[in-house]
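Shared between the two complexes below is chain A, which pairs with chain B and chain C, respectively.
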Partner chain A sequence: MKPNRTVENAVLASPMVLFLLAMLGFPVILSLVYGFSETRFEALTSPTFNGLDNFRQVMADTSFWQAAWFSLRFGVITAILQCTLGLFLAVYLAPLIRRHSWMVAVLIIPMVVAPAMIGLMYRLVLHEFVGPLPHYLFQWFGASPAFLNGANVFKTVVVAETLQWTPFAFVLFLTAYQAIPTEMREAATVDGTRPWRMFWKIELPLMMPTLFAAVFVRFIDGFRVFDTIYTLVGPGPGGATTSMSIYIYETFLRRGEIGKAMAAAILLFLSAFLVLAVAQHLLRRRG
Partner chain B sequence: MRVQSYLRAGAAALALLAGPTILQAEVTVLGWPGGPEEAALRAVTDIYNGKAEVAAENKVDLLFTSREGFFDKLQVDLAAGSTAFDVNLIATYSIGKYAPFMEPVILSEEAKKVFGDTVLKTMQYDGQQFGVPTDLSLHFLYYRKDLIDALMADDAAKTKYAEIAQKYLGEALQPKMPEDWTWRDFAANALYFSQSVNPDSPTRYGTVIQMKNLLFNMMVFHSWPRSYGANWMDDAGNVTVDSEAFRTALEMAKMLYDAGATPADSASYEYAEANAAFSSGQVAAMVQWNAAATELMTAQPTTGTFAPPAGPDGRFTHIHGLGLGINKASDNKEGAGAFLAWLSGEEAALAYAKAGGAPGLASETAAKVAADRPDLVQAGDYASNYGFVMNGGTSANALGIYEAQAKEFTGFWAGTQDLDTTMKNITASMTELLKK
Partner chain C sequence: MKLHNSLRWLVFLLAAFAMNFPVIATVATAFKGPGEVTKNPSLWVQAPTLDNFITVFTVSDRLNIFAYLWNSAVAAMIGSILPIIVAFPIAWAMSRRSYGRAVMFPLIVNIRALPLIIFAIPLYMVYSATGLLDTRVGLGLILAIVNLPLTLMLLVNAISDIPIELEEAARVDGARLPRMLMRVVLPLCRPAFVTTFVFGFITGWNEFLFGLMLTTREAVPMTVGASFFFASSGGGVQWGVAAAVMVVAALPPLLLGLIMYRRLSGSMVAGAVKG
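For the complex of A and B:
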């Protein structure tokens, strides 16, 4: 007699399901309730249903759209930069890494540092009076750019994010690059294919699914960025570096507009979900 | 029988778990972490716990988290009815926000004599005392005496100074001693000591203004417009932020920023960055919190201090207090109240001051620690003579107002929006926040 696998699976999975329901399900339900209610800190347990009011307020808030535009730009630019750099490093360093695999551990160090620490580190490194970078720029050239003023702050946070997360893209691409069968490259070489053509016509197409996945993962991460920017420059002059996550945090805790913050969080979730769905669709079509 | 055994074992396990909680029925105080406030609170707590008359269940235990997001975490804890602490920190600008979750405190009979009415008021909301003031924050003007002395002794430098003032401020101002400065003198001095304006300046910048989009930076800035007569609201409750006073101060600060009299990165500066700039010796003068006195004077021994510059309406300094009050959800309100009553007396205040804290002491009490803490005498004097709190500065949404101003004003300074738009936006935000 065959064992009842369905019951067995359900029993084995139940602790994890219960854990997820408690840890993720409850906050999600609470967010939904608050998103459609008028709520104050003094009355967290008795929210008043107010329909779509919070969503209307969010949509009418210019700061929300400013944050959404910032997040979109930041997500797209950092994803493209990280994936381009990561791809270049993976392909360029692959022969070296084949001989010295320990190099991977060194190259991914930025990725293992907490993003908040990266923000604080750059705050120190870029400070005109105590930071090493401006110090040497003053010493060598007699001047240093203001890395964190209104004109440069966007570029600076993009560079900080790119330097931290390029290793993530690099590791993905390296794995995909190394998974390409050696026979293919050997056959192409025997046929006289030049390295550049081999990359464009053979290697890159084979790595395309990884490239898609990396771009979308990095875009979503960039879109909801918080720690690095918040610890480095905060919301920025005039809200210039306010991402969607920073907008939600400030609306919730600083301004005490809980319902509005939750409505914005739901919109952020839906937009991230939409991007993921599009990515999956594109990948499936390609596959 | 077996069921009974299980129940007994369960009860024993629960008792073991609950044991430490029962034994820990002391008064838990959530204090301001790090810095002199923590050291001073530890010192007075030791004195209190050493008293024979304090029962074991009322001994004080201290709890510290981190400063980053402290008030956000506190808000969530209080709203959730946390009993993890009996006494918690409050600040003047957040009393209105936290008062619904707190109990009024009863001060000792000495409190009025020890602190004085002005300082006690920094812990009041709706006519009730919600906290014992522990630390008083206000602003000093920090300046390099060596630079001012050299300027005052050099006629060629004075001529150059007047030329710069004429060009940027439309008036050939003459150098003065900082005790006599108006904000226009402050600006002229800042321009003169900036290499972007005066290549011969011994310092790279004449001042450093903290322009990061951060609520605390607005407090530092407020002394400036206030001296021109600014307020958040008039007595009738109308929002008056769109005033000539705010406009003048905002434009003067922007002029200094655009002229390079403050570092271009000032747009991202807060307390630590501004202190680092002054400490480097590349800044001639700045307005900064009184708490920075030791740090700045150690780094630059020729540093002098005075109250912030004056304006047409007089000399002003923003003041706010940090203090301790009772959590409404506390399990030991009696013990908490007893500790706070003792903390509001002279013995505790003097011990707190000697241990490095910065209580706002009335002149008679401050005189008793003048030998150890001369800065407290100066701070008490400035608080009494120049201290102010904006109308609405202790309202439930005061923090939100500071946040909104930080966003709008920094946007103007950074050039992302003009002054009219800034004033329109901040008036709308403040009207909304003050009506809630």
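For the complex of A and C:
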């Protein structure tokens, strides 16, 4: 029975393992080869080994560090904003949603629209001649800021990302909130606990695991952002909106620096891996 | 209490309006004629017209929206069905025998958290060497990798929810493993397959980075094709037409999402909390 089972398990695993190896195994080897070599687009198949040169170049590139700083800031700020807003909406609207569940559908619409489309849509929304937002701002306040110039573009992309993905945090919190047993709330109400205190002392602690998960997931998605920003402003004025993903993309396809792009991708992978490992270690310790 | 409820409705309307503002503005613009687009940027359409949509569907070969839609549909189909096929057997082994739970499962689940650009560059190399560059199959294959982590998680969850007695009964009746999987487990997983498929299809349809990097002419998906309409050809961007393109591009996932929103939000929670 025992050896039979081992064979059986291997057979069951084989479709997925083979698929992963075929799709990712070879690319991983290639990354390593090209990461440590000098290559040009005209001669893709003949990389020449150059040791750690690419990594040195990346580390010495100020725009790499600018991109890393952008992604980090963008990830942290959008995650906090989305989770705060999402938590508020979930808790505040929960009594209404209990009676009108269709409200959830209305609020999750932004999530099923492609981030790339959202970026393009904001080009229209913010356009100084055809965009509704500048139009109304002019009408009501007599002035409209230049949303996409160097001074404002960071705020603009943060708001765009936050408005699209707050629904994600909202859904997570709503589910966690609805899962709190009603007896718990009833007991607290009988004891005369005020709503505000109930939230801080009972509901929020019960939703803590969800809060951690939501912040983490939203940070990861913000950190690796590409579509929304790229379709809205691209690298941005003076590289102001160049995230890590955009930096690597531009280095690879625009500037054709293959080895450098690969080296940056490897560094990005290592840092993502590190963050994941730390986060999961922390979650496990709590759980 | 009355006042509180009105306040809640107000908050809901404000949030819904703010979060859906780009969509609302785009839909409004799509129904404006070329003259009205520049004269009336407000959300109120004075003379609604379908001209923009007609233009979108009758444009030149250079911007062939039917091709974009077809490319997206095929790639998203491959990208959502293939992971279900390859993950189903191992999902059973993982949930019933804890096989691969310690290493393989977290490894695959973590793929979801990696920046996609990491895969894009080496895949570009591999694809250009194997002729998969600029093909719908090539795009579909990488979308399948993108969808694999969540597919695996949802299938493991679904199989764990099946009462094990059903499987044992089939085994007692003498059914061997493959037969039992096909006759007992597979039919019971059907709802999970539907959810996973819808989720994967939406993700695949909405994907942009791989479409941008791995396609050039033949297999360009709708998300990338839509951005072509913003590359001004001579007289600047035709905003009405561009808006209509975005409405068309966003419609399939939007409809799927609205029909399936209950199940989608359920699986999102499962995906986020377990990951």
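The rule we apply is simple: the second predicted complex is superposed on the first by the 282 of 287 C-alpha atoms of A that agree within 3 Å, B and C clash if a C-alpha of one lies under 4 Å from a C-alpha of the other, contacts with A are read in each partner's own complex, and residues count from 1 in each chain.
The working rule: a contact is a pair of C-beta atoms (placed from the backbone, for glycine too) under 8 Å apart; a residue touches a chain by one contact, two chains touch by 3 or more.
Only a predicted model underlies this, so the values are computations on that prediction, with no experimental measurement involved.
Is A:L20 in contact with chain B, with chain C, with both, or with neither (first, second, both, neither)?
second
Would you sort A:M121 into first (chain B), second (chain C), both or neither based on which partner it touches?
Second partner only, chain C.
In this superposition, which partner touches a larger number of chain A residues, chain B or chain C?
Of chain B and chain C, the partner in contact with more residues of chain A is C.
In the overlaid three-chain picture, which partner chain does A:M262 touch, first (chain B) or second (chain C), both, or neither?
second
When the two structures are overlaid on chain A, which partner does A:V233 contact: first (chain B), second (chain C), both, or neither?
first
Please work out whether A:A105 is in contact with chain B alone, chain C alone, both, or neither, and reply first, second, both or neither.
Once the two structures are laid over each other on A, A:A105 reaches chain C alone.
Considering only the touch criterion stated at the top, classify A:A68 as touching first (chain B), second (chain C), both, or neither.
Touch status of A:A68: no partner.
Given the touch rule stated above, what does A:L211 touch, chain B (first), chain C (second), both, or neither?
A:L211 sits against neither chain B nor chain C.
Looking at the overlay, what does A:Y34 touch: chain B (first), chain C (second), both, or neither?
The second partner, chain C, only.
Touch test for A:L87: chain B only (first), chain C only (second), both, or neither?
neither
Which residues form the common part of the chain A surface touched by chain B and by chain C?
In the superposed arrangement, which is not itself an observed complex, chain A uses residues 44, 123, 127, 129-130, 253 for both chain B and chain C.
Where on chain C does chain A make contact in their complex?
Listed in rising order, the residues are 5, 8-9, 11-12, 15-16, 18-23, 25-26, 28-29, 37-38, 41-43, 82, 85-87, 89-90, 92-93, 97, 99-100, 104, 106, 108, 110, 113-126, 128-129, 141-142, 144-145, 148, 152, 177, 202, 205-209, 213, 223-224, 226-227, 230, 239, 242-243, 246, 249-250, 253-254, 256-258, 261-262, 264-266, 268-269, 272-273, 275.
Using the touch definition from the top, list the residues of chain A that touch chain B in their complex.
41-42, 44, 63, 123, 126-130, 146-150, 153, 232-240, 250, 253-256
Taking the complex as given, what residues does chain A use to touch chain C?
Those residues of chain A that touch chain C are 5, 8-9, 11-13, 15-17, 19-20, 23-24, 26-28, 30-31, 34, 44-45, 89, 92-93, 95-96, 101, 103-118, 120-125, 127, 129-136, 160, 163-164, 166-168, 171-172, 174-175, 209-210, 213-214, 217, 220, 223-224, 226-227, 230-231, 244-245, 248-249, 252-253, 258, 261-262, 265, 268-269, 272, 276, 280.
Under the definition above, what is the set of chain B residues touching chain A in their complex?
69, 72, 75-76, 78-80, 97, 100-101, 211-215, 263-268, 273, 276-277, 279-280, 282, 397, 399-400, 403, 407-408, 410-417, 433
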